[in-house]
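Chains here go by letter, A, B, C and D, matching the order in which they are written, and residues are numbered from 1 within each.
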Amino acid sequence: MSQAPSGDCLRPWEQYRKALPDDHPCAGHEKLLDDLSRCGRLFHRRGWSVGTSSNYSVVLSQNPVDLIVTASGLDKGRLNRHSFVRVNETGRPDPVGQPASSAETLLHVVLARRPEPVGCILHTHSIWSTLLSQRFFAEGGFWIEGYEMLKGFEGVRTHEHKMWIPVFDNTQDIPVLAAQVGELQNASPEKISHVFLIRRHGLYTWGKDVFAARRHVEIAEFLFECVGRQTRLA
Amino acid sequence: MSQAPSGDCLRPWEQYRKALPDDHPCAGHEKLLDDLSRCGRLFHRRGWSVGTSSNYSVVLSQNPVDLIVTASGLDKGRLNRHSFVRVNETGRPDPVGQPASSAETLLHVVLARRPEPVGCILHTHSIWSTLLSQRFFAEGGFWIEGYEMLKGFEGVRTHEHKMWIPVFDNTQDIPVLAAQVGELQNASPEKISHVFLIRRHGLYTWGKDVFAARRHVEIAEFLFECVGRQTRLA
Amino acid sequence: MSQAPSGDCLRPWEQYRKALPDDHPCAGHEKLLDDLSRCGRLFHRRGWSVGTSSNYSVVLSQNPVDLIVTASGLDKGRLNRHSFVRVNETGRPDPVGQPASSAETLLHVVLARRPEPVGCILHTHSIWSTLLSQRFFAEGGFWIEGYEMLKGFEGVRTHEHKMWIPVFDNTQDIPVLAAQVGELQNASPEKISHVFLIRRHGLYTWGKDVFAARRHVEIAEFLFECVGRQTRLA
Amino acid sequence: MSQAPSGDCLRPWEQYRKALPDDHPCAGHEKLLDDLSRCGRLFHRRGWSVGTSSNYSVVLSQNPVDLIVTASGLDKGRLNRHSFVRVNETGRPDPVGQPASSAETLLHVVLARRPEPVGCILHTHSIWSTLLSQRFFAEGGFWIEGYEMLKGFEGVRTHEHKMWIPVFDNTQDIPVLAAQVGELQNASPEKISHVFLIRRHGLYTWGKDVFAARRHVEIAEFLFECVGRQTRLA
């Protein structure tokens, strides 16, 4: 339509309207893809998903894992229904013939296997998460405690709550990192309850649906800035 | 309508257009609800109402208290005419059968009873209010003095004004907190003239109408950032 | 028109379209008023004109002074063609019967009398200008020197430029403040070349047209943040 | 069209639609110009291209150099298809009779001659790049190392990467500066791999296309803020 502002870089409205072809691996899940695309535009605007950083997924089944994750190398401020890849238990595109999925897809698979309902996994890169992940790497992480905003995390009912934010070392060997995350989930689930950081890299969080996971990103970023401004970084 | 960008997360234009059904408890007040919804989008964009934090109300009557407040657990960047609950003097939904109102509704009721005209009450959660509420909790609050911006608060006529910002301790026991606020209003109204903070939680302010209350949020946040950047936090 | 998003708080498109009635004191200048309104929306978004702070004018004639200035007490993020007052040499609405003009109208009149072409005067309130005006009040102002961005100020041709930013004390006695500004303009024009600050209050700048003045606001704010981040404030 | 919001300052949608006349020097490249215009709006919103700062180009041919660069003195938040100048190997408008090109066009020409594919060159002015260019000028530049975000730069495959950000002194003698940049590119290409700074002035980066260059701006700004917040500036 001529008056729709498709020329505007962050609002590709028109492609929202078209259903995926029936034989597309993500057909039938357009609503979820649109929700992830909106997250991407919001996070890009906030400065949490700049460049081609970040990746997002929706989990269609936790057991066996069946998820849809952002394709590799895209501008997260301009996702559309063709920006995603369907992936199976092994972290590989299924069916074959789709674009490459994010290099970190295996982390999504490991998080999708958590015991509680996980419908969405979001990975973002912010200034404050990067700074704190560096500052507290040597301690293995840091505590966040006493903030009302903690109640925005699923299942937290009072500000009198103490949450450990673990920091993993960064590596390009994603299977190793995924195994470390999986181990902590098994061994000390209370230390990886809602969010973790990778050193000088970024944040992972998840939720029962896209809204819950997005809420967790917003809350984590709020709390990180609070902690960061009370911490000597320079 | 196909060209209206209803897919955009922060501008649910279409639902604005539909009047509430005649038997809806908020029917006839659509304009006020739209004003609160716009506040929510603005505050979400500013980072003052992220996650599901914050709650907002419009006061239809101060005596007896009759108000409309945001329902519990909503994304404040996407409020629409169905996001609100009508509440009576006791802080409970009236008529029954509506969604749960915000957990902090009783604070709205106490503020609605103030002696001056109160048409709107806004509660937000910003980084700077959180930091200052922690920094000055031990002193019970802090003074803001000498800023031209103070004149934006209703009734303040000169920058040569000294305003006390009280900080209450946070608690999940809202009736207790509401009683403390009510007591300070009675005992020392000059110490709770336009705004107060709850420790590591957020800001409450109010005004004769939605615009006045929103203006008070903007001014308070401006002044908090000024104070915060002149204060050693780290 | 039903599909125009008039419900959105910062884009009152529809009122743009209607010419003012022929007998309105600002009739025929709608384009300039629209330009000022756009400045207001931009500055509100940037956090430089929150609450009801700030005032803006366009100068129709410098001698005798004939200008149009924002009416008092408005939200600068929502100006429209009915938000302005025409004012004469004395700083009073002319013709009578218009809304009250900004309390600081006399400062606009004094600036309109500057010797160079002045088509627009902008007064904004930012965090950084407030902080610097406080920090450097005792010295009477501060120098900005050596930044490429200085070249954005009208008439500056090299970064090897040194600009004095004078800071006046704040007062509610605007005629006194206007006289001080006028005196500095006469006595030491090189010390008040493009911009001045009022202590804990805000910035004044001007330009040959709305675009030049807006550019000066953006540049001044950029430079203030640079200076502020290199200055110990806490 | 009456409902298109052409009055909004940052979205001049309508002029997007019109192809340039056949005899315009930039005819046939409208898509690239639109991409640069969108970059300008994004960067203006981010605060990286305020006032009339910044200039952007697309490279049509690297040998001989044939490029299209922003005309001098424009608001980068409002570029349209008529905001550009076609320039040849000498940095001069070709054909003659076009508006003046940016004063820094020669830097674009030197960068267009780099050995790798260069399709777009972006120059921006941010707070953090200005501060770091001043802080690290005496050392000739600074290292960025160990950040995942580095992988967003073309050709970088791991966060275990060390990138030198050279800082050149500012000057109004652009041929001299262009020669210095050209010399460093020849003598030590590893020290000027993706981005350089000019002291108290801004950033230059480039990429194989507009998206790659914009990505490099976003990544560089992200990393500069990370470094800046860990550095004592005051």
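In this section, contacts are C-beta pairs under 8 Å (C-beta built on N, C-alpha and C of every residue); 3 or more make two chains touch, one makes a residue touch a chain.
Here the structure is a predicted model, which means the values were calculated and not measured.
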Proportion of interface numbers common to subunit B and subunit C (over half same, under half different): different
Most distant chain from subunit B by Cα centroid: D
Whole-Å gap between the CA centroids of subunit A and subunit D: 30
Intercentroid distance (Cα basis), subunit C paired with subunit A, Å: 43
Per-residue overlap in subunit C, given as positions that touch at least 2 other chains: 3, 233
Chains touching one another, given as label pairs in label order: A-B, A-D, B-C, C-D
Touching residues on subunit C, where the partner in the complex is subunit B: 2-3, 5, 7-9, 47, 50-53, 75, 125, 127, 130-131, 134, 170, 172, 198, 200-202, 233-234
Subunit B to subunit C touching residues, read off their complex: 1, 3-4, 11, 13, 16-17, 34, 38, 41-42, 146-149, 152, 157-160, 211, 215-216, 218-219, 221-222, 225-226, 229-233
